[in-house]
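Structures incoming, each one as structure tokens.
In the two assemblies presented below, chain A is common to both, partnered first by chain B and then by chain C.
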Partner chain A sequence: MAQSLDKDTLARAAIGAPGPQRGTLGRRVRNTFTAYGFLGPAMGLVLFFFVIPGILLVVLSLTDLSSANFSDPWTFIGLDNFERLFADPFFPKILRNTVFYVFTTLIFFNLGLALVLALVTTNIPRRSGFFFRLIWLLPRLTPSVVYILMWKRIGQADPFGIYNQLFPEFLGASGGNLFLGGSPWTFVILTNGFVGASFGMIIFTSALESIPKDLITAAKVDGANVWRIIRDIKLPMIKWPLLFIATYQTLSLLTSFEYILLLTEGGPGLFTTEVWALTAYKRAFASYFGNSQWAFGATWAIVLVTVALLLAVIYVKLFKFNELIEEPRIENL
Partner chain B sequence: MTTTEIEPQLQPAGPLHKTREKMGRRFAYGFLILSITPILIGYTWLVIATISTRTEGLLPRNAQGGIGGFTLRNWDFVTDSAIWNAMLNSLLIAVAMVIGVGIASTAGGYALSRMKFAGRKTFLSMTLVLHAFKAEMLLIAIFFVLRFLGDIPVIGNYIGFNTVGGVALVMIALELPLGIWLMKGFFDNLPWDMERAALIDGASRFRVWWQIMLPQVRPGLAALSLFTFIAGWNAYLVPFTFTVGTKVANMPVFLNQLISDTAPTNWNAVAAVGLFQMIPLLIFFIFTQELLLNIYAGGSKGT
Partner chain C sequence: MRVEIENLSKSWDGVIGADNITIDIPDGDMVAFLGPSGCGKTTTLLMVAGIYKPTGGTISFDGRVVNEVAPKDRGIGMVFQSYALYPHMSVFGNISYPLRLQKLDKGDIKQKVQKVADMMGIGDLLDRKIAQLSGGQQQRVSLGRALVKEPQLLLFDEPLSNLDARLRLTMRGEIKRLQKDLGITSIYVTHDQIEAMTMADRIAVMSKGVLQAYDVPEALYDRPKTLFVAGFVGNPPMNFFDVEIMSTNGEFRARSEAIDLVIPRDRAEKAAAVKGKITMGLRPEDVTFADESSSAGAGLTLTGVAEVVEPLGREDLVGVSINGVEMRVLVDKTKGVRVGNNITLVVNTSKLQLFDPETEQSLLWA
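The block that comes next holds the complex of A and B.
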């Protein structure tokens, strides 16, 4: 059945109005096929590297699979892994570490410093502000291995360490190795914070720059000083970006561990700077006695994945991202 | 009567106010300079270390312990074939990512932005959640997926565990939610007129996508490509987890092997390799500044 292109249809199409009927069933099926053709590559990848691994992680956590019994068929041991996880003598310490790491980095750097940097760089001439923001982007651009190499050198023992040379006997410098001795947490948080702060900084900057100028001018005419303007105008105006960064960065800090793995590997000593995500990774891939405990690692991971997914769903709902989803307008042609 | 224009008196012109403003500005610059010091120190060390025999703090030292001892010996690695192999692997991963993420997200983003089909909402919400969700925790399970892919006859040798192709596939998948979401945003911003006209004239969806839509999202695609290239070039965790040995190592993994395998670490040679690896990034950093600041803000502004 050929569709007739009468004057009426064309006129409606020209103003983007929906057609007279919702399209025949055959047409809709064909459209869906075309759409899935376009989506094919993406869907395949999502299926193989998100959906299947997600399911596999749950299955793995119910087995006792490790590199020791790899060739045997999988044996299911119920919830033993979970019991083992919560009974782990280091479980409280790892949990404490994770909470401490996530919130300290978030408050001081990813949120706090990011906000201060955005406020300060938008209060000086444009070119200078841009320059400082650009420098702050450098850590994010640097390969993690090179970036951590620099920090290792900054914190190293005398006579090689830069901090020890510049500030002998100041702020905890003792001449020793700082990230493996005196203050491992400081270094873990600094290395992550210097990368993390730039994301918030950029988002806050564009939010601050979009505040109407007359609002600020009006406040200045009324005699408000810088602090009043920040507190009463700027901060309320960027409330949503602040919330967005807070939730987004919580999620990202909770699940990432690359810099800690490179800097301290969770040490020095037993689990000093080990966070949840790193534990999961180490159990599965770098375990002691040359035995990779995949199933036990998967158990640590699945708990974190559940928490992260819940947080992600909450944050998608909180920011009403679904409302960004527009309906396509020309399907009925 | 004539009305005189009233200019808002922004700065009460008192000497006290002027000094206060000056103080404020000085404080701002002081704070900013202080804040970037660690970054600058790190890079200064990296540069100094590559051209000296050894360093103490930021000072290059010669054999007698005095200042000096400059050398180019740290750059000897450029004649080593292992590093060029690693570089090739890095390049392969980065280029595969640019192509893979580019194709999958422009096609997927187009369908999600312009077409109505069953399951659209579900897939869109899923990409959104996955975009917020950091997939590093799935690596354990992806390990098994890769081993399975490696068992496929013939092509398994190129996409399984411990292959550059396998690493590239995983990296493409991990960047995909961001890519799809970005490209969908770019398509959303395009006007509908041209596309509608072409469809009325009987052009196929594919032709519309290829000939009409793609040229219009070129700036967005360029931004996405730059972002994925950098992500691929810098990739450490995925290649480190899914490769064994030096043959399939990319630059970051190669560099890390250099740091941990040789005892004591030759920091200056390592620094030279590190700087070498950063050359393309520094070129981007110098020539695409505005674009970089925009794409790391989530790319919402594109160009």
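The block that comes next holds the complex of A and C.
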């Protein structure tokens, strides 16, 4: 063993480069095991929490299982559930609602407000910036149900909501019907967006703070004003965090429904604020007549998962995330 | 452009970065700010650049106070130790950035960038990404970016510290030649006294936020006004001894338990006012190796034992123990000094420096 370690091998080992192709079978087997050993834990998580539930969901969506017949053997009914889904008169509305909810919240809050907060709090004295971000994080530390119910108490229509009770004629004379009564979408998106922005804020802040100070000094000397520094230096330098947050939050908003469930239950009226994930939940667990249509709910869910997967692939390709993985190279000065 | 810095101060919550600094830089000169880390040289530079706001004093360009002028309107170019190149832009993108901010015509920009790049010897690299360049090339891009907008004042913040030794030597010469050719007033921040000595017309030596001396390099070397300047300027550094000046039979002697030297009257008399111990400084090269034929008079020699010998190529740097007191001397390597040798040194006493140990001020060059 020892005598076969020539200088070349040592050099490759030192930089972690792959060895020559003349390795013995035993060594190759060992290398493979090592690779899978490192990948194992992550693959296990994906398998147990994504692949297996996904398969169960597909199987379930092909049955007619509900709380009415759960003691009977499963009956497979082919694609009937899917036909029912796409024939649903409210299907287009739910789809529109979902796209509206996801991208409005994403652009104005999870990306937009987050970026503004990060840019502002990194441009004021450090201590104040830190304090301000801490305040903005407080709702994250509150159980989301408590946070949502607090806003609900504030935003409900007169006589239930605090705001509308106190100021029925203020802000556009809404007749005590501002927020949840008058503009439920705005209220839902605001409530969710204020919390949602804090995640991006933290990521963007650390990315902005890791930009070398010299670069900003250089840009100032070169003649850039605040806006040009943000546009030409800061934004390009935090490109990857921006793309990551865009991708992650799109997918996470697609599946989020607890804010809408607790604030409006999809209302007021018919499906006004109902999104896809909420429909899946309601069909499966919260039918009016006490009949939980598990299989039909699973059908809504599996369509959502498929859309999310496609979106994920599109994001990865569109944003060229593979460029993040670079071949290691030794700097020669 | 003439740059006048007057009583300039900067402090943060009681921490003093620069304290009452006054420096007058004539048009076309290159001035080095020299000092160890944390001495305030970069703080002062950033105030000249307009990045830091002074807490006191003024900075004037050609007689116009610029304290309130934004960096972009100061007509300055800056080169950084870290190069501070924009990594997401190409070489062309980096050099053209100041011109693009001025919204110049595209053709003009292209022409100016090409001219500067050719001057810097990177004319064929304009399409490259920054990450594809070597350190030396990156520093040239950085220099090009600073020069392309034809600044009135160039600011260098330790521009060569990240380069390897050989490249540093080359770039040192290039920057100096470029600066003289273009005649742009320059400030050069460095902790390397050789860089400061070789490149600058005048050097501002700083320590702990205070300007210690501002003079031409030779003056700092031959007539250091403070103990700090004497110790910081010159490599290998000056040797210091605690001595007492005594006058016997019309001769002045510098004496301690280890040393007894006759010193010149003109120097000694200036030190006479100080009672008790004073600090005597002696540069390693102001000592010659005495062989048998030398006829140095009594009182001009020191004898000791060589304890460390460091060959520097042309000379040997020898650490000599003189009755227990350490002294570094430069000696001709042909003398072949070995560790343990007993050696006799002839001191060029006309070059020695005398300082008041309390005030750390020179007794010779007030």
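In the analysis below, the second predicted complex is superposed on the first by the 234 of 333 C-alpha atoms of A that agree within 3 Å, B and C clash if a C-alpha of one lies under 4 Å from a C-alpha of the other, contacts with A are read in each partner's own complex, and residues count from 1 in each chain.
Just so it is clear, a contact is a pair of C-beta atoms (placed from the backbone, for glycine too) under 8 Å apart; a residue touches a chain by one contact, two chains touch by 3 or more.
Computed from a predicted structure; not experimentally measured.
Peer 1: Going by the contact rule set out at the top, does A:77 touch chain B (first), chain C (second), both, or neither?
Peer 2: neither
Peer 1: After the superposition on A, what does A:229 contact: first (chain B), second (chain C), both or neither?
Peer 2: In the superposition, A:229 contacts neither chain B nor chain C.
Peer 1: If you count the residues of chain A that each partner touches, which comes out higher, chain B or chain C?
Peer 2: Tallying touched residues of chain A, the top partner is B.
Peer 1: Regarding the shared-chain residue A:237, is it in contact with chain B (first), chain C (second), both, or neither?
Peer 2: second
Peer 1: Of the two partner chains, chain B (first) and chain C (second), which one does A:220 touch, if any: first, second, both, or neither?
Peer 2: Touch partners of A:220: chain B and chain C.
Peer 1: Per the contact definition in the header, classify A:212: touching chain B only (first), chain C only (second), both, or neither.
Peer 2: Second partner only.
Peer 1: Contact-wise, after the overlay, does A:151 reach chain B, chain C, both or neither (first, second, both, neither)?
Peer 2: A:151: touches chain B, not chain C.
Peer 1: So, A:246: does it touch chain B (first), chain C (second), both, or neither?
Peer 2: Neither partner.
Peer 1: Touch check for A:297: first (chain B), second (chain C), both, or neither?
Peer 2: Once the two structures are laid over each other on A, A:297 reaches chain B alone.
Peer 1: Touching chain B and also chain C: which chain A residues?
Peer 2: Comparing the two interfaces on chain A, one with chain B and one with chain C, the shared residues are 217, 220-221, 333.
Peer 1: Which residues of chain A touch chain B in their complex?
Peer 2: Interface residues on the chain A side: 5, 10, 13, 16, 31-32, 34-36, 38-43, 45-46, 48-50, 52-54, 56-57, 60, 113, 116-117, 120-121, 123-124, 128, 130, 132-147, 149-151, 153-154, 159-162, 164-166, 190, 194, 198-199, 202-203, 206, 217, 220-221, 226, 248, 251-252, 254-258, 261-262, 277, 280-281, 284-285, 294, 297-298, 301, 304-305, 308-309, 311-313, 315-316, 321-322, 325-331, 333.
Peer 1: If you look only at chain B, which of its residues touch chain A in the complex?
Peer 2: 8-10, 24-25, 28-29, 31-32, 35-36, 38-43, 45-46, 49, 55-59, 100, 103-105, 107-108, 110-121, 123-130, 132-145, 149, 169-170, 172-174, 176-177, 180, 188, 192, 195-196, 199-200, 205, 209, 230, 233-234, 236-237, 241, 251-252, 255-256, 259, 267, 270-271, 274-275, 277-278, 281, 284-285, 289, 292-293, 296-298, 301
Peer 1: Okay, in this complex, where on chain A does chain C touch?
Peer 2: Against chain C, the touching part of chain A is residues 212, 214-215, 217-225, 228, 232-233, 236-237, 239, 332-333.
Peer 1: Which residues of chain C touch chain A in their complex?
Peer 2: On the chain C side, the touching residues are 46, 49-51, 70-72, 76-78, 80-82, 84-88, 97-98, 101-102, 134-136, 145, 149, 155, 163-164.
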